[in-house]
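So that we are looking at the same thing, I have put the structure below in structure tokens.
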Amino acid sequence: MKHGVLIVGMNGATANTTIVGALLGTQEELALGSITSGMQGLSRHLSRESSFVFGGWDVSSPSPLELANSYHILPTEVLSRSSPILESLRPMRAVISRHDTMEAKALAEGNAEHLCELERLKSEIAQFCQMNDLQTCTVVYLASPLALAEPAVLNATLTDLKLMLEKNDPRLPSAILYAYAAIESGAAFVDFTPNITLDVPGVQALAEQSGVPIAGRDGSTGQTLMKTVLAEMFQVRNLRLKGWYSANILGNNDGIVLSRPEHRELKMHDKLAVLEQILGYDGFAHAVDITYYPPRGDSKEAWDSVDFTGWFSQPMAMKIDWQGRDSILAAPLVLDLCKHMQFAQSKGSIGIQEHLAIYFKQPIRTGALAFSAAARRLREYYQ
Amino acid sequence: MKHGVLIVGMNGATANTTIVGALLGTQEELALGSITSGMQGLSRHLSRESSFVFGGWDVSSPSPLELANSYHILPTEVLSRSSPILESLRPMRAVISRHDTMEAKALAEGNAEHLCELERLKSEIAQFCQMNDLQTCTVVYLASPLALAEPAVLNATLTDLKLMLEKNDPRLPSAILYAYAAIESGAAFVDFTPNITLDVPGVQALAEQSGVPIAGRDGSTGQTLMKTVLAEMFQVRNLRLKGWYSANILGNNDGIVLSRPEHRELKMHDKLAVLEQILGYDGFAHAVDITYYPPRGDSKEAWDSVDFTGWFSQPMAMKIDWQGRDSILAAPLVLDLCKHMQFAQSKGSIGIQEHLAIYFKQPIRTGALAFSAAARRLREYYQ
Amino acid sequence: MKHGVLIVGMNGATANTTIVGALLGTQEELALGSITSGMQGLSRHLSRESSFVFGGWDVSSPSPLELANSYHILPTEVLSRSSPILESLRPMRAVISRHDTMEAKALAEGNAEHLCELERLKSEIAQFCQMNDLQTCTVVYLASPLALAEPAVLNATLTDLKLMLEKNDPRLPSAILYAYAAIESGAAFVDFTPNITLDVPGVQALAEQSGVPIAGRDGSTGQTLMKTVLAEMFQVRNLRLKGWYSANILGNNDGIVLSRPEHRELKMHDKLAVLEQILGYDGFAHAVDITYYPPRGDSKEAWDSVDFTGWFSQPMAMKIDWQGRDSILAAPLVLDLCKHMQFAQSKGSIGIQEHLAIYFKQPIRTGALAFSAAARRLREYYQ
Amino acid sequence: MKHGVLIVGMNGATANTTIVGALLGTQEELALGSITSGMQGLSRHLSRESSFVFGGWDVSSPSPLELANSYHILPTEVLSRSSPILESLRPMRAVISRHDTMEAKALAEGNAEHLCELERLKSEIAQFCQMNDLQTCTVVYLASPLALAEPAVLNATLTDLKLMLEKNDPRLPSAILYAYAAIESGAAFVDFTPNITLDVPGVQALAEQSGVPIAGRDGSTGQTLMKTVLAEMFQVRNLRLKGWYSANILGNNDGIVLSRPEHRELKMHDKLAVLEQILGYDGFAHAVDITYYPPRGDSKEAWDSVDFTGWFSQPMAMKIDWQGRDSILAAPLVLDLCKHMQFAQSKGSIGIQEHLAIYFKQPIRTGALAFSAAARRLREYYQ
């Protein structure tokens, strides 16, 4: 039994690492950093990386293997292994809209009309499933965060969306075209980025109508994960949060894109909303800086300066320096999500998969949950 | 309805802050830092600080108010309030053994024989309850950590203990005399320090025979608390711990005592055992340093350097600088425990109170639990 | 012998702390944090705080003592001392221009024409000197950083400046009016902020023509100071800098103003230029974030993440968390500068005082110097 | 013209890295981290690594190349280069005494009598010089820190030393035998470890009589270097040090040895003495922890928590996390010292080379100097 994974932005660092790692890694190498491998009893319900067939779209054309060698993320001894499937893998032509990054817009070939592109994507998905004899297919959005969409899009019903498609409305972000195509093709859709795609009522309606599971948004890999972990401690211990400052330094393409205000907006929102949602109060200072810092490469450093008060309002503080690795943290979560979506499809789970909240900064519908509460939800779903 | 709280070592910084704060603070000032105030639905089961009558033993004689003014832990405007009860409060004479600190031994008047001291303690408890017309009474051990007791004590049955008492055996630590006296008097007993008192089978047996609740050991206030919080994150995310180094700098009396190997031994054990117990594996490096550093005063700084690996065994790290306040963190937990023990007595809960694991580094019987699991246990007990 | 100190922005936190501290503090309390007190042999050349008479301008009217009580920067026991001079002190009406902050513009009464304001300032300086029987007078600019001036101003000759004054040119920043008034009045002028005032050729020419000493710009108190200290270590040890990321969190008015791009521009420049100037090479990443974070108050936290390589280009790193206090660090330097300027006037030192480079992020003419080199320059000047 | 470098403990990590790096590295790879390469004008006086011939003694026998491959300190592409000289290199048999580590004592063959070993060492040095046709030779002590020597040794005159040699006195540490042999052979002697060898009056006298330069002690590579850099800032800025806590975690053999009290004693002294010597006052808290932490390997992490006060005694703080690499930092300094000693020999500089203070934690005779003062001394020597 084979399962398809189609990645939007398949030549980005995380997507590339996910694909190349999954195809070249041993079961043991792939286990660390994966929730489904760590959580007792989960793996027996789920498919393995070896059952996955990968594909995807990108504005850039280099082969995944070539790219992996330039990214220096996976160990060289892993990259020196061979895989005939990997060697033949190439991205399909990406759809873009004015919300894409200027680099993507410069690289992309001209788009056709919305309906035309939609048809192309659907036929590519169908062909991918047929040629590979796939049981299920999941489309994962991993391209650079888009500029924030207009309110008309954010609030669009399914009828609105259809009209926008027909009218070739330039306000329609490319990510919605992918989601639309996936869902209409019966493929699950995951948004691992801060885009608003799955918040749009029309997209949710389409998923429900089409009987397709969806999950998002904005993968929780490092600093925000820590916030969901520590916020619970503050809450249970009744230590009152007074302020939380977060600096982020990134040296990869994400760093460049997120240093631009229009692409950063949603990411900032997602990072900032977490604390209030979990603590249940506001009235504290919360600031986040994201800065492009080339020496970090694909590594990711975050520094948090946290102020809180205890008994008799006495001030205390905590500082955390997190030295993570962007793609190494994200890739096993992306693969986890594909396994969960495959399982959801096999079970007939439809619409927003709330039990996957642990994977996201801003899980659709539930909002941010305390880490342990989110873990419990996942555990209970599989019991 | 009044409830008694008798503190062993009532002139130490945490004990003094607990008593003076409870007697002078407003309901609002006392709420922060208290789990029972933060956890929804708990407070309605529990008594308030205003129903507590305080007393205790110490080797030093100054009045609590005098001491509080020298400790500089509670805000001066709080200390300038008046309380007739507080003003009349004085410690009773402490019992000591060779396991006490050299400072305690220098200050203490000569002990009488074990049985004689035991009788004295019991009659003091009885008198305290009678004079104050108390419904229940809890004895809390907050004196300096004792030197490690001999294995004969650690494994002593109730019969062994009785023999040691009769023979005036010098291996019997003073803390066991207090526990014995409390339990035989029908008072609950809490050990907030790293002593082995409640691990002794004979002490547990006595509590069960006497129908008395007990809870311990070693209050979890800062760095170890963080370990119970973060260990769960590592476990659920399946990030493999490779090493955890912890430095602690303290400037109060605890810092002096814990800088001595014989008094540090158990504290170190309690700090070190936590990670393996929660993670369920060993094979990582774990080191803890505790250093006396006078400029910190009653504040407490802890620095953790944590190494872990993720996907494809790629190394990542986290560093945490915790700038807490020792007594400000501990006092509301001590008061919480008195409320829980009063509730346990009213419900007829006997022996080790496992639902209080969240308060301790090494909760008796359960061992260290992940923070959220411990919080759930507490929540469930009151449902 | 009395010496005048007139502060532009005298109701800001640093200016207020400087004045109130100097008038209420003992010699001993004023010594720490002062270079002239620490550097052997300097103090005998210099006047003391007790010989200083203070005054200044501001858009806000509250009395210095009232403000000091709200700033919570100086200890309350100091503020409870009395000083008749301090009690009678009030700011004179400030001059502003479109480069001032929106808060200043909202508070300020309407300006008269440039020449008219210039005359007013000069007559206020003259009156201040005469009434207080002053030997010398120094004007110190401590108001909020102005928005960056136009290139026409930055490159203006003395003739250009005169024309701008006559034509009431709105491009002329208020700070230049103060400098102009001070210099024409024979008063020394110090710019402790990132304004370009003293970089303007016309201002330098006026100081030389008028025989007046000037010094600036942008006081070096914390993070940038550390850069001048550490850059020398990297240079001498031949460790190659690869990147330096600096986060700054501030909770005072400076934090609000510097969080606005137009007011931050020069500060950023000054912070960024330091490393290249001292190291003598570029090619490393250097980024600075400045974020308003109210919980910090007048305290100032800076976090630096520094990357460098050594033998065989092996990467190493350093992280520094600096927990300073803005006004407490700045005030003794401001007083130091007033003493140096008084000495310069007594010696007939004219124009840019290069030996004061140690006090500034971007010392005019010399550019940033390694800390020890700057210290040596100061020491040598007084030998 | 060839110059000899004989290393005591040549199979330790730093010594091995020094030798293998010097023989396999390019001029450019060797430059970073070297003071003589960074300091303008120095290199023209000094010999290059390519003129060095290496040898040495050790208790372990593996070949340097074999070891380098297990140490993982130098990049693999460097280790894959070939060097006929390196391939033939083997350690000579080490001398030991009871002060050596238990590992060394277990590995060592039995020592002969002192005078006999001394003669052997001298003849080995002579043979090394003759066979390689060397102009000069320097012996560098890089073996594990010895246990502290008895006072009788510390205060020994040359006459005392001779007597101890003759009587085969077991109190004589092995390091003194090496120093004695080197100096009597006319070879310069450098002690890069915390041993007291060069503090002994008799060793200094022998060097002066023999016309040989000596330099030590205890190489300054990381945390202590930072102290010499920052202490100057505190002094010039008149910020009063209140406390300095330093944690060190090391994962190499040095970490194991220094975790033993008897071998740590001198290292601790050297680390602790620095601040008072530079600041010129005491009365602050100063504590250092050194902990063996295997995950760090040859990397070295140091965390410093520094407390100081400024104006009106207001408290401020700094925390520094230094993530260095032990051998990578030390090796270029060892090579620098060999070049300096060769130059000293060519110039006829005799006895303690005070201008090399910048290289040591406890430079003999001068004591610790502020970093910039030490740099100036070195610079001036070569002018």
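Order of writing sets the labels: A, B, C and D. Residues in every chain begin at 1.
The working rule: a residue touches a chain if its C-beta (ideal position, glycine included) is under 8 Å from a C-beta of that chain, and two chains touch if they have at least 3 such contacts.
As the structure is a computational prediction, the values presented were derived from the model and not from experiment.
Counting steps between touching chains, the shortest path from chain A to chain D takes 2. The most distant chain from chain A, with centres taken as the mean of CA atoms, is D.
Rounded to a whole number, the gap between the C-alpha centres of chain B and chain C is 52 angstrom. Centroids built from CA atoms put chain D at 47 Å from chain B. Taking the mean of the C-alpha atoms as each chain's centre, chain C and chain D sit 45 Å apart. Multi-chain contact residues, meaning those touching two or more other chains, occur in chain A at positions 319, 321. Contact between chains, as defined at the top, is found for A-B, A-C, B-D, C-D.
Residue ranges of chain C in contact with chain A, taken from their complex: 242-243, 245, 247, 249, 284-285, 287, 289, 291-296, 301, 303, 305, 307, 319, 321. Note for the complex: chain C touches chain D at residues 21, 25, 29-35, 37-39, 74-75, 78, 225-226, 229-230, 232-233, 235-240, 309-314, 316-325, 328-329, 331-332, 358, 370-373, 375.
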